[in-house]
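Each structure below is given as structure tokens.
Shared between the two complexes below is chain A, which has chain B as its partner in the first and chain C in the second.
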Partner chain A sequence: MTSAPAKAGWRFRQPSVIPGFGLTLGFSLAYLTLIILIPLSGLVWRSASLGWTDFWAIATDRRTVKALEISFGTAFIAAAVNVVFGTIVAWVLVRYRFPGRRVIDAMVDLPFALPTAVAGIALTTLYSPKGWMGSLLAPLGIKVAYTPLGIVIALIFIGLPFVVRTVQPIIEEIDKEVEEAAATLGANRFQTIFLVLFPGLAPAVITGFALAFARGVGEYGSVIFIAGNLPYISEIAPLLIVIRLEEYDYAAATAIATIMLALSFLMLLVINLIQSRTRKRYG
Partner chain B sequence: MEVRVSNVRKEFDRFPALRDVSLDIRSGELIALLGPSGSGKTTLLRLIAGLERPTRGTIFFGDEDASNRTIQERNVGFVFQHYALFRHMTVADNIGFGLKVRPSAKRPTKAEIRRRASELLDLVQLSGLEKRYPAQLSGGQRQRVALARAMAIEPRVLLLDEPFGALDAQVRRELRRWLREIHDATGHTTIFVTHDQEEALELADRVVVMSQGRIEQIGTADEVYDTPNSPFVYGFIGESSSLPVKVEDGQVWISDRPIGLAAPDLPDGEATLYFRPHDIELLDECNGCIAGTVAASRRVAGTRRVELEIGGGRERVEIELPVGHPAAQKSRVAFRPKRWKVFPKMAE
Partner chain C sequence: MADPELYPADAHHEHASLAVTERPLARAGLMFVAFAFLAVFLLLPLVVVFEQAFSRGIGAFVEAINEHDTIAAIKLTLLVAVISVPLNLVFGVAAAWAIAKFEFKGKAFLTTLIDLPFSVSPVISGLVYVLLFGASSLLGPWLKMHGIVILFAVPGIVLATVFVTFPFVARELIPLMQEQGTGDEEAALSLGANGWQTFWHVTLPNIKWGLLYGVLLCNARAMGEFGAVSVVSGHIRGMTNTMPLHVEILYNEYNAVGAFAVASVLAGLALVTLVLKTLLELRYGAEIAATRGH
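Take a look at the complex of A and B:
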């Protein structure tokens, strides 16, 4: 115990007697500064050189706003879809033993490993009006490739492993006894799943959602092939940044990047707040 | 509610966990299933709950055959060793869960559920903790919540699987007394599983001693302790010493000497003598006794335990002596068990 009087507010928690606190904290801070903080502050610095009026003009430009809308909107939808189906996939992989389970389990990681451009080209080939899937959907009047729907599909593909891999270990941890307890109390299978099991998964599902969403917002490689990249319709913000860079308009590029940074930060902050609230309760 | 288990057999992957078990439990009784691990006691409990299906045999609740009833229909309260509370629900929601999931026709109103939950919290002496989450409670408190949750559905039978197994000794003793009080107050037919004989003997109306998938003996604490009916029960309940003996002409022999114990009903042949270390009388002169040399002696609380070598060191038995007794220091001690039992060899 420290003899210092307890003060309100921020305080170091007494590190354990095992040495290494100073070294590891110093390393972590230096590392994070080097890898994350310096590049990001450079970004903000660069866009700040733009001046407020110019910055505002770029930020409120219709093309920028549309691109941001598309980026965040499609990422949100894709993450939401992944939450539902990723959780089901994780559930099946944990709960059931069937031939080929290990292969499917390994397949989930493919979007991690595959170069995103390859994924984009593959999806485009499949979903283009003459492609395998696209030709089936075309008669129904559904156009996938070269529309925002295509972007969503690419992002679902990219984001799936994030949800599966965060939810899977938590499902593995579910105590069989909790389900049995619910059953002895008279809950049917449906009630057990929706009242007992899923609420317990919520923190992991939110994390998975956050990861898939963040990945989706920043995704570039796979999207540009399938999106068609029509300004105001299917042009994503990262692409707009690249376009500005190619025009040597570095200030505009960094301005859009800064806006994306701020928005992403805000959304992750909200997600983390939700999470810490659920964690505090029953973590 | 009476529970009748009739010729139940349960196999897991062809391995029999229960072999032909029959058991009658009277309404309102507090029964302990006692046995070492692997004896099938938890399996029997889970069969009664419906968490497992018997391979053969029937389970009756009253006159009704419950074997084909689902877990939900059986309406049993089950308390798990590791509580199995719903950790995302408050204590009150945990307790009310069984009422909340009822079909709407039988479901009490929300206010009624809340009232019932706080009533049960009073009963388990946790009033005022409605809003807490399980993670904020101690082990003993969690187990009380688990019991309240099980009782909320007005179960026909209350089943407890090693309810105090995960708690420390102090809390265990406290909860044991408290469970007895709850049982006496509510009158639920209660079956609990334990491997702690002290717990079983102290708490239960009747104890069911199990071993290797069979029921060895059913009886009150006095019956299973004073008149064990098998070598296993003798060895498992309380302390015991055993010696290989021979029965001839209705007398018990060690090597070539009778030891002054008559066993008129036993067939001649090899047998094993069982007795309690404290249930002996010391003899000054030996005409018909067990005699041995002191090999080790240790102080146990208010008495002294002496290990004797019988018959030239081939067998050892333990007996209990008063602390000041000179025999503790003597190298040779003669005694005769006051209460004992001889089991023929083949019965083991």
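Take a look at the complex of A and C:
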């Protein structure tokens, strides 16, 4: 067993009688490097070797900009819808008792378990003009399949569990006494919910939103069937990467992927910031 | 879950004077909104899969499954899962051991890196391997010279799957093993057990349900992955098509019954996963730590 270098004042690890540190950390780092870090840095390296002019030309290409706008825009709307309905679902699941609650609770994870391609063809069939939902919406003049609205529907499906599973444990932890105190002091239920409970839930809701949004931006399988994939209208950024790859335009595929990656990491950073702030404020 | 002792369902009767729960009408309204939303967005898509799969009767369903390319796709999907899940299982246990049982510099950063694949688009997860092993890459010519085929073949599909399912087992085990601490292991060691004995006889029994939970989620994703695998597979029928890719091909050929038949097998797998996951949470909730959801 390797022992840590025992320099005065600074040591890489705290001493421990448990063996296996060198083996397990060494293996983990080697595996992480081979599977994740080298391939990802290959992408960044390729992108950097494009040169600024080429990179900028691809990044500002109208089709690229549109695809990014569509991906981020639809993901934002879907995440916003999920924040509203996901929070209601979480509230109902935690606070109310009704037959079948456990089954419904388990069902919320369906989008995690169902392969995205299956969700994609199911939603497309459902919302096509002849489908169960599509035929209901058609007389109202609402077209879902093969429009940007279809993308939003697919991303609502994909993102729902992120919001519910982030908000649910926080609702479970709410101390009933806080609500009782608010009520005792004369607050009505509406005031208690919006002025007392919501501020405590807000960080979890924001985290759920960010997780659903991040997942939606990168989502591919469930979207490409229902989107119709018209350039400038319903073509998402991940699909444009695939199209550029199929055209052997590796430069464009790499550049778009790098932009998406940079934006995703920015969001990961924001999520971590929110989470560490939440922990500080609410212990 | 809320403790039914603490939160009786009829709490509003006891606190009728205090507004600590919603009025019956508001409750009914909220429940209606929640159920309607879940029915439209979760239940209907699931029902449609099976309705379409059996729309021409059970004979057409069996015929669609019992087809050469479909069986090849099922075999490939199983093969990919059988290779990639154990790889990430070993990694998950090793990473959790190092992170949970020791204090060292850079631990938080390492934990963040492990979660990295979750924030990368599946398409990009495939793309990175195309850039690494493709004909125009640095490695490309060398691989070709030595006759090593990675892209558009099983190794590429396995790599892409390993990438997207990388964090599942590790992120399940890390909080669990952190919660359990090092007391049991220290006791075993002081009684003369060696490292491996400690792991097999003390640590593994402690984490087995959490491990199973992680493997379950990892396997579901491995069998269902679409985007990443799609980029590296090359879509060769009967050769490099996994089940989700085969669903796409059949669907694009307007073979709805075939596409939904294969899709229903995957949906059945998803349902089995959900049932097992719920059973694990109900029976061994304490032993899979506070890691419900993702």
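In this text, the second predicted complex is superposed on the first by the 228 of 283 C-alpha atoms of A that agree within 3 Å, B and C clash if a C-alpha of one lies under 4 Å from a C-alpha of the other, contacts with A are read in each partner's own complex, and residues count from 1 in each chain.
What we mean here is this: a contact is a pair of C-beta atoms (placed from the backbone, for glycine too) under 8 Å apart; a residue touches a chain by one contact, two chains touch by 3 or more.
Because the structure is predicted, anything quoted here is derived from the model rather than measured.
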Partner chain in contact with A:V94 - chain B first, chain C second, else both or neither: second
Which partner does A:D249 contact after superposing on A: first (chain B), second (chain C), both, neither? neither
Using the touch definition from the top, say if A:R13 reaches chain B (first), chain C (second), both or neither. second
Tell me which partner A:P39 touches in the superposition: chain B (first), chain C (second), both or neither. second
Examine A:I241 and indicate which partner it touches, taking first as chain B and second as chain C; both and neither are also allowed. second
Regarding the shared-chain residue A:D175, is it in contact with chain B (first), chain C (second), both, or neither? first
Tell me the contact category for A:L268 with respect to chain B and chain C: first, second, both or neither. second
Who does A:D61 touch here: chain B (first), chain C (second), both, or neither? neither
Comparing chain B and chain C in the superposed model, the one touching more of chain A is C
Output check: A:E69 vs chain B and chain C. Expected answer is one of first, second, both, neither. What do you get? neither
Chain A positions touched by chain B in one structure and by chain C in the second: 180, 183-184, 187-188
Over in the complex, which chain A residues touch chain C? Could you list them? 1, 4, 12-14, 16-21, 23-25, 27-29, 31-32, 35-40, 42-43, 46, 85, 88-89, 91-98, 102, 104-119, 121-123, 125-126, 131-133, 153, 156-157, 160-162, 164-166, 168-169, 172, 176, 179-180, 183-184, 187-189, 192, 214, 217-221, 225, 237-239, 241-242, 245, 250, 253-254, 257, 260-261, 264-265, 267-268, 272
Tell me, which parts of chain A touch chain B in their complex? 175, 177-178, 180-188, 191, 195-196, 199-200, 202, 278, 281-283
Sort out for me which residues of chain C touch chain A in the complex. 1-2, 4, 6-7, 9, 15, 18-23, 26-27, 30-31, 33-35, 37-38, 40-46, 48-49, 52, 90-91, 94-95, 97-98, 101-105, 110, 112-114, 116-117, 119-124, 127-132, 134, 136-137, 159, 162-163, 166, 182, 185-186, 189-190, 194-195, 198-199, 217, 220, 223-227, 230-231, 243-245, 247-248, 251, 256, 259-260, 263, 266-267, 270-271, 273-275, 277-278, 282, 290, 292-294
Mind listing the chain B positions that touch chain A in their complex? 49-51, 71-72, 74-78, 80, 82, 84-89, 97-98, 100-102, 133-135, 146, 149-150, 152-153
